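For reference, chains read A, B, C, D, E and F in written order, and residue numbers begin at 1 within each chain.
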Amino acid sequence: MTFSTMIMRGRHKQIAQSILSGKRLDGRGLTDYREIKLVTGIIESAEGSARVYLGKTDVIVGIKIGIGEPFPDLPNKGVLTVNSEFRPIASPNFRAGPPGEKSIELSRVVDRGIRESSAVDLEKLCIIPGKKVFVIFIDISILNHDGNLIDASAIASLAALLNTKFSNYEVENDEIKIKTGYTQLPVLNHPITVTVAKIEDKLVIDPSLEEERVIGAKLTITVEDSGNICAIQKSGSDYFNKQLILEAVKLTNEKIGDLRKIIVED
Amino acid sequence: MTKKPLTLINKKNIRVDGRKLDELRPIKIELNIIGNANGSAYIEQGKNKILAAVYGPKEVHPRHLALPDRALLRCQYHMSPFSVKERKRPAPSRRETEISKVIRECLSPSIFGEYYPRTSIDIYIEVLEADGGTRCSGIIAASLALADAGIPLRDLVAACAAGKVEEHLVLDLNGPEDNKGTDMPIALMPTFNAVTLLQMNGILTTDEFEQALNLAVKGCEQVYTLQKEALKARYINVKEEVEEE
Amino acid sequence: MTFSTMIMRGRHKQIAQSILSGKRLDGRGLTDYREIKLVTGIIESAEGSARVYLGKTDVIVGIKIGIGEPFPDLPNKGVLTVNSEFRPIASPNFRAGPPGEKSIELSRVVDRGIRESSAVDLEKLCIIPGKKVFVIFIDISILNHDGNLIDASAIASLAALLNTKFSNYEVENDEIKIKTGYTQLPVLNHPITVTVAKIEDKLVIDPSLEEERVIGAKLTITVEDSGNICAIQKSGSDYFNKQLILEAVKLTNEKIGDLRKIIVED
Amino acid sequence: MTKKPLTLINKKNIRVDGRKLDELRPIKIELNIIGNANGSAYIEQGKNKILAAVYGPKEVHPRHLALPDRALLRCQYHMSPFSVKERKRPAPSRRETEISKVIRECLSPSIFGEYYPRTSIDIYIEVLEADGGTRCSGIIAASLALADAGIPLRDLVAACAAGKVEEHLVLDLNGPEDNKGTDMPIALMPTFNAVTLLQMNGILTTDEFEQALNLAVKGCEQVYTLQKEALKARYINVKEEVEEE
Amino acid sequence: MTFSTMIMRGRHKQIAQSILSGKRLDGRGLTDYREIKLVTGIIESAEGSARVYLGKTDVIVGIKIGIGEPFPDLPNKGVLTVNSEFRPIASPNFRAGPPGEKSIELSRVVDRGIRESSAVDLEKLCIIPGKKVFVIFIDISILNHDGNLIDASAIASLAALLNTKFSNYEVENDEIKIKTGYTQLPVLNHPITVTVAKIEDKLVIDPSLEEERVIGAKLTITVEDSGNICAIQKSGSDYFNKQLILEAVKLTNEKIGDLRKIIVED
Amino acid sequence: MTKKPLTLINKKNIRVDGRKLDELRPIKIELNIIGNANGSAYIEQGKNKILAAVYGPKEVHPRHLALPDRALLRCQYHMSPFSVKERKRPAPSRRETEISKVIRECLSPSIFGEYYPRTSIDIYIEVLEADGGTRCSGIIAASLALADAGIPLRDLVAACAAGKVEEHLVLDLNGPEDNKGTDMPIALMPTFNAVTLLQMNGILTTDEFEQALNLAVKGCEQVYTLQKEALKARYINVKEEVEEE
């Protein structure tokens, strides 16, 4: 064991003990979020945008709208795609190159929350059925990684969708003509995502990067407007028992109100 | 290319493949079917046809990935191009990458990885035919392949989905049910009541979620019994082979 | 030289000596196949499928049929493509990633046999000349590698083609409509592929993986229904003299009858 | 999708964004905005919004790239998909690769790389919104990020473009001007009169070239003043933070 | 420091000293080109081609013309693309694989000279506005790398464009029909590119590979027919002061006459 | 874009390019044409224009590929984008990968690789213009490049195709013949009667195959003579160069 490994293990022990005692090293209670800061509409080149800080975690989401073809089995629906980039600017542990498994998982979990809750009214994004539809690109960029990237990304994605406008248009002889003015993207539902982490049988909200290194497993739960669950993802190489899972769902339900307020009433 | 049936569950609560709501698809398991692997298993679950193989513990390539205190666990879940209706391109999709990750994480707690520091244990799952719930079938086979490879395990990992289709809670969704309804696959180490995988997409109330979770756990317990039987049959075979020699 | 290298070399010597004596280590004669097992129609999601075991070598072929555009210079012909995957499930020596040179060579040799013998009636696969044709994807997956992958793949590919059906359809106003029922894929020729390996000037059929490590060179010969040769591929870093080449062709001709019986009369 | 204005410069020599011909866009600089980096800076210049971060000096990965006598300097200039009108695909374009090279080469002479043999200094520039002249804005931020990282520098590197739009020589072209006219970005270490970047595309006579070069140098000198102010503000902040503790 | 590093450094010192004395190791003056050899029309399969030798540097450019779609914002213009390959045949330091940063920079610098000078009349390459245009592929292959690749590539590219013919055609009902005969590619301008290298505050033309290892910085300047500058690229990790930049421009203007003669009057 | 001629061989058994059935295309060979390479050769055969270069024996990169008992032989056959009618994309195609493999395997038996353990010998073949039979032309050049590099060879490797076009057996097929008929390229070390490459696609009876094989062997013998002449000319040049110094 090297000296730095020893120091690291000491720190890990400290974090765990502190959590067992019900208080985290940064002074938060187990189920407290770090300070959440949300700014929207910051990128003029994007049809919608939002930047979210969870403590020192810093995530920006930009929304671009293009025109493309619908999926053959959904000829009347627009297309929505979520992509995330863990670029090396945000962490010494990120590498340039195509998305790795963590980035792909994050994109897919955010996508699932939006898709399963039918947050975006995709039928309104059909231009010419079977031929032309609007394509919504949700691009998530991590700018500084200090833990809990999924929650920060989900908040920023929903806020950016709510901030999105697209050009008015009309169709004439199968040609799309852009008109003046903009229309708000039709958002029908507001999926809120909460990640609950397990450390030594305790449940913790909004883990920092340092805490994540001690965490064995996380549950990411997304809840839609009506209070129903619309997506869950367990991650990490530890397990949950049934009791803890149900507690995590309960804890999520307690938290979504505050988050929804921050995002929707922004 | 043909129209889907209007309902997937009839008035007598019988599903399109003849099952009851809480009934597993028929499962067939064979062990030791890939000669080159250290352990392997084949599973048929309904129309799902899936192979799993384990190579290791062995030297890690590339070496710098080796872990000083435990085995490096890697997993690749892969669909054959012909396993689905529309041919799947051979390059790994984002979906396959995600499933590979959650399967690795769900098998990891079952393995005494600390017995094999500086080695790798590589799990390969090949889906030959897919009809819903392939990650669960894949986990069932992969856990058996680990056992077949002689790797010491805390417990077998069983897996099963529950979900909601046309207002009914159902067990072990097949392809059409999965497409239309809410799917919630879980994996379980029954001896420890340890849920090692949990995913959901679709809509469930909190109550339905709890019921579905209970249903899925029951499904896992049935699967677990089948896994143990398959393992027992394999040991008997080995024993007979040894005695014959 | 390490100890394991010494053992390996000893084993190689043993294999070579045994072959020189006319008998192989597994008891086979030089020109005997291992047990061939063929099962077809095993994958319901595929339009055609076959699995072939040559001893412990295990290869599965699935055929998918899609709709695509014809090549500009062949507007009236369907498209056929052969792809093979040497995935790490089948051997500790296979790596994930795009096909390597051995996989590409195998695909192309199987493709050549099928194409040069005009095995598939590609003109019957034209839907709208110059615009839409059927595309036949022959996907070869190696499930366990114990030598002689080309022969196993060629057998499985032909058997899978013979097992292939595709949906009936009609064309109405340049739109393709699927009708009920299936049509057998029109297979006009039955190319049979035999790989003849050279070990110390002896010719050997169906080498195992262990034998392949001793083999310097192989000739893969494909013969069509009329007895003509339609494709040859020499591989390996050793050479053949003319006499041995002609012997290899003769040997192939002796073997194709049995193989054709297994595949065609299956 | 809308028509471009017919002229970019009006009869009173005022540009579309209200600037005079030789006027810089408003510049806003913040330092130390990426917690994980050793140094970082954020710049807004007109509509350009750009982050720069420096990681290092640190161990080189992969190791065989390490240089025995100096630090390995690497630079990645990257545009966010949403930073431009048409969504940019995430994979690096040829344009991004070229710009990364010229930025690396323009910052290199400013760094005492020989103080850190066998290490790497990695510069990342992320363009969040682009409106012409992003390489110059990126250089301004990156040089400050190097200073913020405490890496000893011979001088700060300032950068600014000059060019020709509708027969006028102009300073610091914005997006529409860049698209229509001749653009000539330069980078300068003012203390040494050292031009460390010079690119041009468009048409200039030899005389115009000399005038544009002089104009761009003057622009760099203004930028340099702003850079030094930003750095001073940062040091004062740090000092206050330290004294507060 | 290894022995070979010491030798190399000695050599570098020698090169630099020699240049300071106004004479290069190969006997050239500071602003002399090596022998330039240009041959055109050497590749029959290409619509245009040229091979340029600068001393031992050997570059070939082939031009292919295809049919494609115009850019949406330039519906009436053909498309021009420059690609270069630094393949390992040309140098022990080149690696197979996608183009690296030096190859990309070279392609883009050559492209810029051609594009900014409007050398090719792209409007003449429009076939059906907004739908079909000719696409000009300028492919640069380095065959032997002995320094100054950009100048060699720029000379060869312009010479190849001047050597390019494309098939006559007519459009009938939106279909393109090839007719007999060929038309010369319309070349309206002749951008000439000169790279000026700085060694110890001296300016040097046409550096050899060995000299390039000593060079800190280079300016590549492209001048069009009217004498105007149309592209500049500074490369290398050293700097120029203003005086040297203006001298480099002057030096370029002295050199372009000879180069233009070689290329245009070929 | 133009229609193919109806027949490739006329009634007097003369081919489209004026050759007799068993006649090689004109071959022009030059050695030592790539200054940086250890050995190189250029061949024109009909319209084929091909360069081959050899780098090595030299240190192996990456090192773990080095062989303890012999040189690592590598080969890349590559077509220039402009070498064919439709522009070829620069990335290696499956066809190029296969041809690289068979060329490497056909040159391998000619090299005393055991003289250079732990090194690599890298062969690069660049097709500048292609008109049928490029792998044979490439082999001819590559074998000479190996000799030019001073690598000890058991024999030169000659190469030539025979085939069947419009019911005639022919030697050394050009592009249109290759497209229409049966092509069978072989490579030969004449001193050993060793066929080191043999491929065929098209249709031949067993008898025709034997005749075509004999024809191709004869073609190789003619090629071999030309190869030896080229090598001799090179040695004379070298001698003269040395004596002049």
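As a working rule, a residue touches a chain if its C-beta (ideal position, glycine included) is under 8 Å from a C-beta of that chain, and two chains touch if they have at least 3 such contacts.
Source: prediction; values computed, not measured.
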item	value
Partner chains shared by chain B and chain D (touch criterion as defined above)	A
Chain whose average C-alpha position is farthest from chain D's own	C
Maximum centroid distance from chain E, chain identifier (CA atoms)	B
Euclidean distance of C-alpha centroids - chain C vs chain E, Å	48
Chain B and chain F, separation of their C-alpha mean positions in angstrom	52
Geometric centre distance via CA averages, chain E-chain D, whole Å	27
Where chain A and chain F are represented by their mean Cα positions, the distance between them in whole Å	58
Contacts with two or more other chains, residues of chain E listed in rising order	99
Chain D: positions in contact with at least two other chains	none
Chain contact topology (line, ring, star, complete or other)	ring
Going round from chain A, first to chain B: chain order	A, B, C, F, E, D
Residue numbers on chain E that touch chain D, as the complex places them	99, 101-102, 104-105, 107-108, 112, 115-117, 219, 224, 227-242, 245-246, 249, 253
Complex interface listing, chain D residues touching chain A	1-2, 34-37, 47, 49, 51, 53, 55, 58, 76, 78, 80-87, 90-92, 122, 124-126, 128-131
Residue ranges of chain F touching chain C (in the complex, touch as defined)	94-95, 97-98, 100-102, 104-105, 108-109, 184, 189, 192-206, 209-210, 213-214, 217
For the chain E and chain F complex, residues of the former touching the latter	42-46, 49, 56, 58, 60, 62-64, 66, 83, 85, 87-92, 96, 98-99, 137, 139, 141, 143-146, 167, 178
